[in-house]
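Read through the structures below before going on.
Two complexes are shown next, each including chain A; its partner changes from chain B in the first to chain C in the second.
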Partner chain A sequence: MLSFFLRRAGEGVIVMLFVTIITFFLVNLAPGGPAVMMRMDMTAEQRDALARRLNLDQPVHLRYASWFGNAIRGDLGRSVNDNRRVNEIIGQRLPVTLNLTFWSLLVAVAIGVPLGVAAAVWRNGPVDYAASVLSVLGLAIPSFWFALLLILLFSVTLGWLPSSGMRSVGVGFDVVDRARYMVLPVTVLATSALPFMVRYTRSAMLSVIAEDYVRTARAKGVRERGVYFVHAFRNALIPVVTQVGLLIARLIGGAVVTETIFGWPGMGRLAVEASNGRDFTVIMGLTVVIASVVIVTNLLVDLAYGLIDPRVRHA
Partner chain B sequence: MPDIDPALQRAPARSGVRLAARRFARNRGSLVALMFLIFVHVAVVVGPVFVQHAPERTSPRNALLPPGPVHLLGTDELGRDHLARLLHGGRVTLAVGLFSMVVSLVVGTVVGSVAAFFRGTLEALLMRFTDAMMAIPSFFLVLVAITVLGNSPAMVVLVIGLTSWMVVARVVYAEVLTYRTREFVNAAEALGARQMRLIVRHVLPMTVPSLIVSATLGVAFAILIETAISYLGLGIQPPVASWGNMLQNAQQYIWLSPMLAVWPGVLTMLTVLAYNLVGDGLRDALDPRTAR
Partner chain C sequence: MTVRYLRRLFVALVASLALAHGIAQAQGSVTIPIAADPTMNPWHPNAFVESVFSNRVLFASLTKPGVDLQPAPDLARSWSASDDGLTWTFELRDDVVWHDGEPFSAEDVAFTFNEIVLNADLGASGAANFRNTVDRVEVIDPSTVAFHVRSPFSALPAYLAYNAGILPKHVFEGEDPWELTSFNKGTPIGTGPFRVAEYVSGSYLTLERFDDYFDEPARLDFLTFRVLPDANAQLAQMLAGDLDVMIVDNLASIPQIDRSPNTLTYPVNQVNYYYVTVNHERELFNDINLKRALLHAIDREAIIESVMRGNGSLATGPISPALQAYYNPNVRTYPYDPEGAVELLEASGWTRGDDGVMVKDGQRLAFVLDVGRNRDLEPISALVQDYWRDIGVDVSLNTLEWNAYIQKIVVQRDYDATINWWITPADPDVYAYYHSSAAGTGFNLPGYRDATIDDLLERGRAESDVDARIEIYRQFQEQVAEQLPYLFLWYPSEIQARSVNLQGMVDLGLRDNMHYVNQWYLGD
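Now for the complex of A and B:
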């Protein structure tokens, strides 16, 4: 188990290296350099000084090396455009996005897994049919449009829920107030993950139900409920847990749209702002943080295998 | 030479395709979806011929008109004909979807088959690269790439294609790994076929069924990405219409003309839905083992 985990952690480090290299060279392809370089109110000397401060006179691989050296010591540098520390900027935004993705994932799992199990148990029945219609629609609906429809219905027409923001102005921390602001964004983001949970749980359950040991359990007289929940479900969980790990990247990507529409000051909106402002250091910082979240989640998923499946522990 | 019924002669080569087509046709949902897709594609290609209005021509006096005999679906906030914009926007959105899929299919096939065929360092490098690309949320990467590289339609296609090939690469990689040790490949190798020929003539054709499925699902994915970035104002730029950027301003005028917000969204959703259903139907038809 330990060697398995260490090998996966090592792979994670290599993936991280690739990710930063891809993004670094991508953002450095930009014609004209960072957005501040194109400000009209600077003299040629100021421009040169700025270029030197940003090390733009060095070749790109050296700049990557110095960026990497700082990043590995936990220093993501300063924003090109407003000179604030990137660690600080992202530190403010990260909790917002984690909050949004955590609840969305929780909702998607809490609804998707039971629905997938039910669809597999009553295969080709009305529940299965409803689940498949729901997941097909969920996969096809553009999330920004779904958000528009929800805002139109619940905020504009019914007036039940706020259409943007994270809390009421002038109200201190209040669980009910926060929850009201979370309903729509979490619904939108959870809807993008739900179909995957339903489909994977269903097909994992179906393939497990077809196994010999399930037939054996039935043959020796285990009740149907016992067959499904003790013998089948535990084994079906493994591919489902993998799927949770893969969904993290999708959810963080979806957070870009969701946060922008609902006006949440998270990393997704920061990504839009930083891209528009060609703020290299902020983009690189976001890349590191987002990739870390994805890689660490997938490592945790690998650990979870060991808890669910003793075979992995002894491998 | 004995007389052989020409239909019989051709039968073996075609039976696979014909069987798959029959299995596909049995799936009513996929069949309806396929007909819808054909309808939408024909409509956006041929439709503009029948609509007199130019999609980019503004006419402030005729802004936000309700549907009527002159403007069948009404006009938007700048007085542009909504039907004309829907059809032209559909051209752009569907073309971006299709071409992005082609890019991702080509890149994914090359990466996957090269990794599987030339094992060792190259394989490790390529597959870790694939993992790395999967670890960055593709929407984030698209966003950064488009703001850096520009947002002409061709660049949008390239960026979406270059950020969505990883699933194809994984599928091709897995399939090539299983097929390259099969007897027919060994036989071809024993006959002296070069590596290139082995891949292109003997192994890759076996992956075509999976590629077809990946392709249909890939178009759906690319359409969703394009509409989302264009909605955010970073993708296809007005005055060129796309189903995504048509929704950009719809939010403001949702009370006056709610249908402005409805049509592009409904069409996007139905098209993506149809591509997904056709993809699912093809998967079941091409590989009966996975039929549920």
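Now for the complex of A and C:
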């Protein structure tokens, strides 16, 4: 187990190194430059002065070496555009995205897994068809459109829920207030994740139900409920856990559309803002954090396999 | 008994009047959307348009745009130029305090300009307006400051009204102004009618009334800028009543806003014009007939009606009708006339080739129109491309993400033609955009050089008599309309969506209205 963990950690470090090198050079190859230098109302003289201040007149490999030297000491540098510490910026944005991701995934799993199991158990029945229709709708409806539709209905027409933001301005921590602001963005994000949960659970359950040991269980006289929930479900969880891992990795990168429309200052919006503004240091900081989350999530998913299925053992 | 009754009645009357007065003096909160996080320092290179709103509230400047767009007093009570025009003296108010209670003085003005704006190593935003003209700023006494200019600069008071907020010396002295993030991205100290109450990066900035403001105190308690990057989300929030005033980017939504019982739209003139710029460094575009043909070929009225939903008027030059007396409509105009455009091309030796494209000396009339992905530039460019194809010009569109667009057009000047807009200070002095000295490096994007235009701009800049300036700039507009350094498209109106309860706004664009935010109030 320990050797497995150490091997994966070593692989993670190598992956991280390559990811940062590739990202750094790609970002510097992109046309344009930091937003502070790419203003319509700026003369060549002003632009040159800023390039010198930001060390952009140095060769790219030297700038990478300098960035890397600081990064391994935990210092991701300062934003090229507004000089804030990247650690601080990401520290503000990551909890927002984690909050949104956690509740959206919880809703998607809480609804999607039972629905997927039900669709498998009553295959080709009304529940299965309803689950299929919901899944297709969830996949087909663009998030930005669905979000605006919800805002128009629940905020503009009915006035029940706030249309954007994370909390009322000037209000301290208030669970009810926070919850009201979460309903719409979590609904939108969960709706986009739900179809994956339903389809993967259904498909995994159907595949497990066809296995010999399930037939054997039935032959031994195990009741249907026991067959599904004791014998089949636990084995069907492996692909579902894989899917949850993939979704976490995807959502940590930020749900750009949801965050943008609902005014949530999360990682997705930060990534878009940093890319548009060519904020090299923020882009690098995001790369490190997102790559770390992907690596750690993959590791946790692998470890979870062992807990779910006793046949899986990490050597 | 009767006396006691009358006394009670009197007290009740006074109390109710006081209460009514209190309500009129201080009430409520107004929320405005901004597209990105603000940077709370008007000179910071990262202070883009989203920062202009809050910076104009937080930081007073020496002058501000008057309701007639002429410079009006702000921190300066009055100003005058010396006889030789080389020194401008500003008399400052002596009752101004910073948001932290420190007194404001001429030292702050001199520090802001000498140490930040005129410091070539800093590359301050907006500094180009001053670095070529102002030599240094001198403190005469705590309430008097002198701007020494290199050559007479009559537009100085107007330029000082344009994003030229004064910073506190006692905070910035000895600090790197761009690295002072506790100020620029935290709790700035200004002299405006509101100060920062709470700032949540990426979410909102709330300002509270500053009771020691030097002018009439604000009538609102709070002003909130909510960070909303998406125009549709802004509209939805406006309709939901979560916002009180905004600039409408998506003009197609105007009927929807007007249908709502709680919102109204207001068109406002502004100092802004859309243009096509052609690169005069390319030999092709030094043919005046070609430029005139290109402008005649565009049905600008149709574009104003379709893309701009009727919110604009045909542009005749760089000086907007909003500048009233300076605007000269009696110049050469370019109505939609595709046949006339073809005749102009033929007069320059172009003839229709087999594929319908004009040809001269074996060279096809073909070039690239670069398009920046911003606001409505893409549909406008597509329409212009169609109009030009009609007269035999083979135009290819090259759409670029905004950052890459700026690099290609503004930094590298590597383009044939492009469409964009300028927003300039409220003064006819457009020296920086049209003078030969700005070709290739400054704001003279087309790289246009014309001795007559240079002469008029130099004379206009040096002239302090208003009537004489009006005459010079009227001649300038005639010359510009003849020579077309830019192909002028239209003067767009700014469409504001306002809550029906929001009162006290002046008849200016929303950004200029921020100078008058102390007059805003909520009421029927």
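One rule holds in what follows: the second predicted complex is superposed on the first by the 286 of 315 C-alpha atoms of A that agree within 3 Å, B and C clash if a C-alpha of one lies under 4 Å from a C-alpha of the other, contacts with A are read in each partner's own complex, and residues count from 1 in each chain.
FYI, a contact is a pair of C-beta atoms (placed from the backbone, for glycine too) under 8 Å apart; a residue touches a chain by one contact, two chains touch by 3 or more.
These numbers come from a predicted model, not from an experiment.
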- Message: In the overlaid three-chain picture, which partner chain does A:306 touch, first (chain B) or second (chain C), both, or neither?
- Response: neither
- Query: So, does A:271 touch the first partner chain B, the second partner chain C, both, or neither?
  - Reply: first
- Task: In the overlay, answer first, second, both or neither for which of chain B and chain C A:18 touches.
- Result: first
- Message: I'd like to know which partner A:29 touches here: chain B for first, chain C for second, both or neither.
- Response: first
- Tell me which partner A:148 touches in the superposition: chain B (first), chain C (second), both or neither. both
- Message: Touch test for A:156: chain B only (first), chain C only (second), both, or neither?
- Response: both
- Message: After the superposition on A, what does A:262 contact: first (chain B), second (chain C), both or neither?
- Response: second
- Looking at the overlay, does A:239 come into contact with chain B only (first), chain C only (second), both, or neither? neither
- Can you pull the chain A residues that chain B and chain C both touch? 30, 144, 148, 152, 156, 260, 276, 278
- Query: Touching chain A in the complex: which residues of chain B?
  - Reply: 128-129, 131-141, 143-149, 220, 224, 227-228, 231-232, 234, 244, 247, 250-251, 254-255, 258, 261, 265, 268-270, 272-273, 276-277, 292
- Message: Touching residues of chain A toward chain B in the complex: what are they?
- Response: 11, 14-19, 22-23, 26-27, 29-30, 136-137, 139-145, 148-149, 152, 156, 203, 206, 246, 249-250, 252-254, 256-257, 260, 271-272, 275-276, 278, 283, 286-287, 290-291, 294-295, 298
- Task: Note which residues of chain A are touching chain C in the complex, please.
- Result: 30-33, 35-50, 52-53, 81-84, 89, 92-93, 96, 144, 148, 151-152, 155-156, 159, 162-166, 169-170, 260-265, 269-270, 273, 276-278
- Task: Would you pull the chain C residues touching chain A in the complex into a rising list?
- Result: 29, 31, 36-37, 39, 44-46, 48, 120-128, 131, 178-179, 181, 184-185, 197-198, 200-204, 206, 222, 224, 226-230, 232-233, 236-237, 239-242, 400-404, 406-408, 410-411, 420, 441-443
